[in-house]
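Right, I'll just put the structure down here and ask away after.
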Amino acid sequence: METFDIAIVGAGITGCAIARQLARFDLSICVIEAANDIALGASKANGGLVHAGYDPAPGTVKAQVNARGCELYGTWAQELGFLFRRTGSMVLGFNDEDCVHLEKLRQNGLANGVPELSIIGPERIHELEPRASAQASCALWCPSTGYVDPFEVAIAALENAVANGVTFMRSAPVEAIEVAGSDDGAARFTLATPAGDVRCRYLINAAGNGAASISHMAGAEEFQMVWRQGNIVVLDKEPRTLMPLYPVPTPVSKGVIITGTVHGNTVITATAAVREPGDTQTYATDVNALLSGARKLVPDLDTRRVVRAFAGGRPVIQGTNDFFIGQSALVPGVFQAAGIQSPGVASAPAIAERMEQVLRNAGDDLRERDDWNPIRHAPDDFDRTPLERKEELIESDPAWGQIVCRCETVPEAEIVAAIRRRPGAVSVEGVKRRCRAGMGRCQSGFCQSRVVAILARELGCEPSEVLLEDAGSWLVEGPLKGVR
Amino acid sequence: MATFDTRDGRAVAGAVASVSTQAFDVVVIGGGPAGMAAALAAHKAGASVAIVEREQHLGGILRQCIHPGFGLSHFKQELTGPEYAQRFIDQVSATDIALFLGSMVLEIDSGEGAGDPGTDEIAGATAVHTVTLMRPTGILQLTGRAVVLAMGCRERTRSEIKIPGSRPAGVFTAGLAQRYINIENLKPGSRAVILGSGDIGLIMARRCTLEGISVEGVYELMPYANGLRRNFKNCLDDFGIPLHLSTTVTRVIGRDRVEAVEVSKVDEHLAPIPGTERVVPCDTLLLSVGLIPENELSVGAGVELDPRTRGAVVDQSLQTGVPGIFACGNVLHVHDLADNVTTESERAGAAAAAYALGGSANVEHGTADPVCQLTVSPAGIAGYSLPGRITAAALTKLNFRVRRPVDAARVRILAGDEELFAGKVRPFKPSVMESFPLPAKVIQRALDLGASEIVLSVDPVEEA
Amino acid sequence: MSINAIETLQFNCTTCPFECLLTVEVERDADGAVVEMRSVAGNSRPRGDKFAHQELTCPMRVLTTTVAVSGGDEALLPVRTAEAIPLALHAQAMDLIRGLVVDAPVRMGDVVLEDLLHTGIDLIASMDIDPA
């Protein structure tokens, strides 16, 4: 059994960001993930928007971490080498009533510390986004909004954490937590997982939709998770990437938002309906609502160009719309980062920062390591690389010249790198999230069999053992011919 | 504070000094049936020709289409896909056509002004197209006086037809399953449901059955079957596989691997009928729900697409809106038979060679006439018409497909209010790519009337 | 005394791209075996007649599948029967073919297996396979 100062349960964007933040200190840290890869829960079912923070109610934890998180993204992107575009966004209003609402939203944003908010008219709207609906009469212009690839942020943060000594345990669902003795500085928590038990002094609960169960197992706060499910649609790349456009929000949701992505696609996000926990099905009603909602914002949208529709559950704590970040009042040593629903991606760097503060407040004198490296170098992205660099890469290894995914121009060497990085990809979807092979318009119709062959070779297994995603998601059985 | 991102950071190739360049009259992109036929025709016309192919072998998708049904019209003999391909591979190998295999085109650069319709089309003044490609030995640029686009098509995916439900392993496009079974020697599952009664779906029903994968049924959204009759007979009837019309998959079930699909009957508007849901246990769902021309490179080169075909808008010589760039085969419009791809591509290759060598693409199609600028539009139940532009008053082959099957309809050619031509009454099916010769005198008549557009209308006829 | 049944069947001819819909009248004996094909209508060419007869007595199909390759640049060789063989033999032929392995190189037309299941028809290669 291994012993750590801190065990972080959950390798979603929240857990990964916290791991990255705390890796700078002289602490032994383990990130324990139930699934076989990073960001497979709520972080996966996400539109990638870095919301600016004008809509959470002032005074809430959300309001504090959202605007701060958005602010931190510039530094995080630079240090961790992930793509981040601070494009600004508009909330479109279509009538006088909307306009009144937008002014309220602006006031809200100012109270939350969101910079440079202004109300603009039709001319400016179409200057900023020519494809915005001509019916839009007013808008809240928010220059600090941006977007990221949420997988890339989580992966980059954890790669950096691991490079700084953090241990990552995957396929390790926590099945029981034993709490021994009093909080005297000894490792008092024992977490039982099928991948081995882990002892730790502090337990950080960043388990997303599993947070209530972790808290319960540790004897900490009892709460219930509500599975507020959202469907999301990705459309094919556009010659010019769309600015994020929001409708006037409703009390429960930001409504159907349309945005560009760092890779030039268009994303429509997200519906909100309470469904059975664990339900990641897409629904025809939701997808249609997304497409029609998006057309209100961008009427010329070609909705035939759907590349992918997916769904996930926002980890909402029943009875509150706020995040729950802090030390447990019942079990000292348990730290909660629970209920991280929307805007979890935007808030992640600030949640990590806040968690550091919470640990300090709990009396831990966090000592900085002198060998901490904040920099994570992104792997070479062939498609985005200049021609001269492409040549260099191919010269260094012919596998850079061997295209596997034609839609996203991903050569074999980039896939191999995605598997060999730490923590590396162990599945077809894991490869896709790291280097986009299979992410494009053909949805891996051309490249899946090649990615399977590369995974089998790199992992030293048979193609029949290669998984699409997590355990049980086998893609092929054995060979058909040459067998008796 | 705001920055406006338009795919920034994505490298644009352009001409780079360090990259080595080879010059050809005609550069053909794609080494499948279309590319090989175009290259052979261009070579025969005296052009120096290069073929750029992504894969290590010529043949394209035909390598995995191991079933018979090819060559009946071109070779007057029923061949399998690989045999059909091999005959062309052997012909190409016997020439000095330069082959760039395992090579992926990154960009086609037509230089400044090449996309300008006002550009002079005389040989000396033709823009030279630069094709940047990568392969395991490095980056290379090929220049061509003419380029033939022959990249083929891709399969429509689950997402494009918006099948709801979970996203487990085991949902494959029919072509991917075909690749696993026929190329990779891997069994994609044991118990399959097939959505889509097009030829690929039917062929896969038989392939699966023969290879020990049980096929629970073929489901078709439309009230009619989409494939060739021979395929219903030889692929379904021979094996007792049921075909369910007006039925579609309304939900994928299974968290990690497909466990079942829910199918529902659909109404006359193709909307699922509540209460008709039925759960069909299976571990594999194969989708054969349409093909889409792969035109990302074409768009990058400034080629205008027809939203109906999702292929290039071309003239009668298969030249796109960018002078010197031609298109043929499934990248232009989805064909029914490889034989038709061959015939069309031979025209494109010959026209590309004529353009490259002599400055005009219209060797066999009359000289481009500056006063002849007709657009061609579909009407009635015609889903599209090709070519979209006619620039010479010469015999022109019109291709089209109908949107729904009819027992009795006729083709009519209209210019303004005048009917220039009416074909005989006969049945039409959406699965057939129709070919219709448009006589020079009909085009001339439209010009005499001062028309700028002719309409190809397929109109159902009420039986008397 | 005749207890033979007369049956009218419809199916498409597949000998050429016309795919004519044939209407066939057959006489079957008590066991269902075809005694006589009484008439064929709908065919535009004489070979439709022959096809209908064959189809009712012993349907013949070309079998296409793959064979494992050893030492080639592809894992599988596409193969076909040189001519149609009885449809009824396809499953048995597949069982036999499943275990075969051929050595590269192979040329299109090479015989992979002679006289498949004593049909007198060879199993032949559909494509060239080069050595790895």
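By letter and in written order, the chains are A, B and C; residue numbering begins at 1 in each of them.
To be clear about the criterion, contacts are C-beta pairs under 8 Å (C-beta built on N, C-alpha and C of every residue); 3 or more make two chains touch, one makes a residue touch a chain.
Quick caveat, the model's predicted, so the values are computed rather than measured.
Chain pairs A-B and B-C differ in how many C-beta pairs they share in contact, with the greater number at A-B. Taking the mean of each chain's C-alpha atoms as its centre, the chain lying closest to the overall protein C-alpha centroid is B.
Centre-to-centre separation between chain A and chain C, using Cα means, comes to 55 Å. Centres computed as Cα averages put chain A at a distance of 38 Å from chain B. For the pair chain B and chain C, the distance between mean C-alpha positions equals 30 Å. Multi-chain contact residues of chain C (touching two or more other chains): 66, 68, 76. Within chain B, residues 181, 183-185, 211-212 each touch two or more of the remaining chains. In chain A, the residues that touch at least two other chains are 479-482.
Note for the complex: chain A touches chain C at residues 479-484. The touching residues of chain B, counted against chain C in their complex, run 56, 59, 63, 66-68, 72-73, 78, 80-83, 85-86, 89, 181-185, 210-212, 228-230, 232-234, 237-238. The touching residues of chain B, when paired with chain A in their complex, are 1-7, 9-11, 13-14, 16, 18-19, 54, 102, 104, 106, 132, 134-139, 154-155, 157-160, 162, 164-170, 172-173, 175-176, 179-181, 183-190, 211-212, 250-251, 255-257, 272, 296, 299. Per the touch definition, chain A reaches chain B in the complex via residues 83, 85-88, 115-116, 128, 143-144, 234, 237, 239-241, 243, 260, 264, 280-284, 287, 304-310, 383-388, 390-391, 394-395, 398-399, 401-403, 406-407, 409, 411, 441-446, 448-449, 452-453, 463-464, 467-482. For chain C in complex with chain B, the residues that touch the partner chain are 11-12, 14, 16-17, 19, 21, 59, 61-66, 68, 73-76, 78, 80, 87, 90-91, 94, 108, 126-128.
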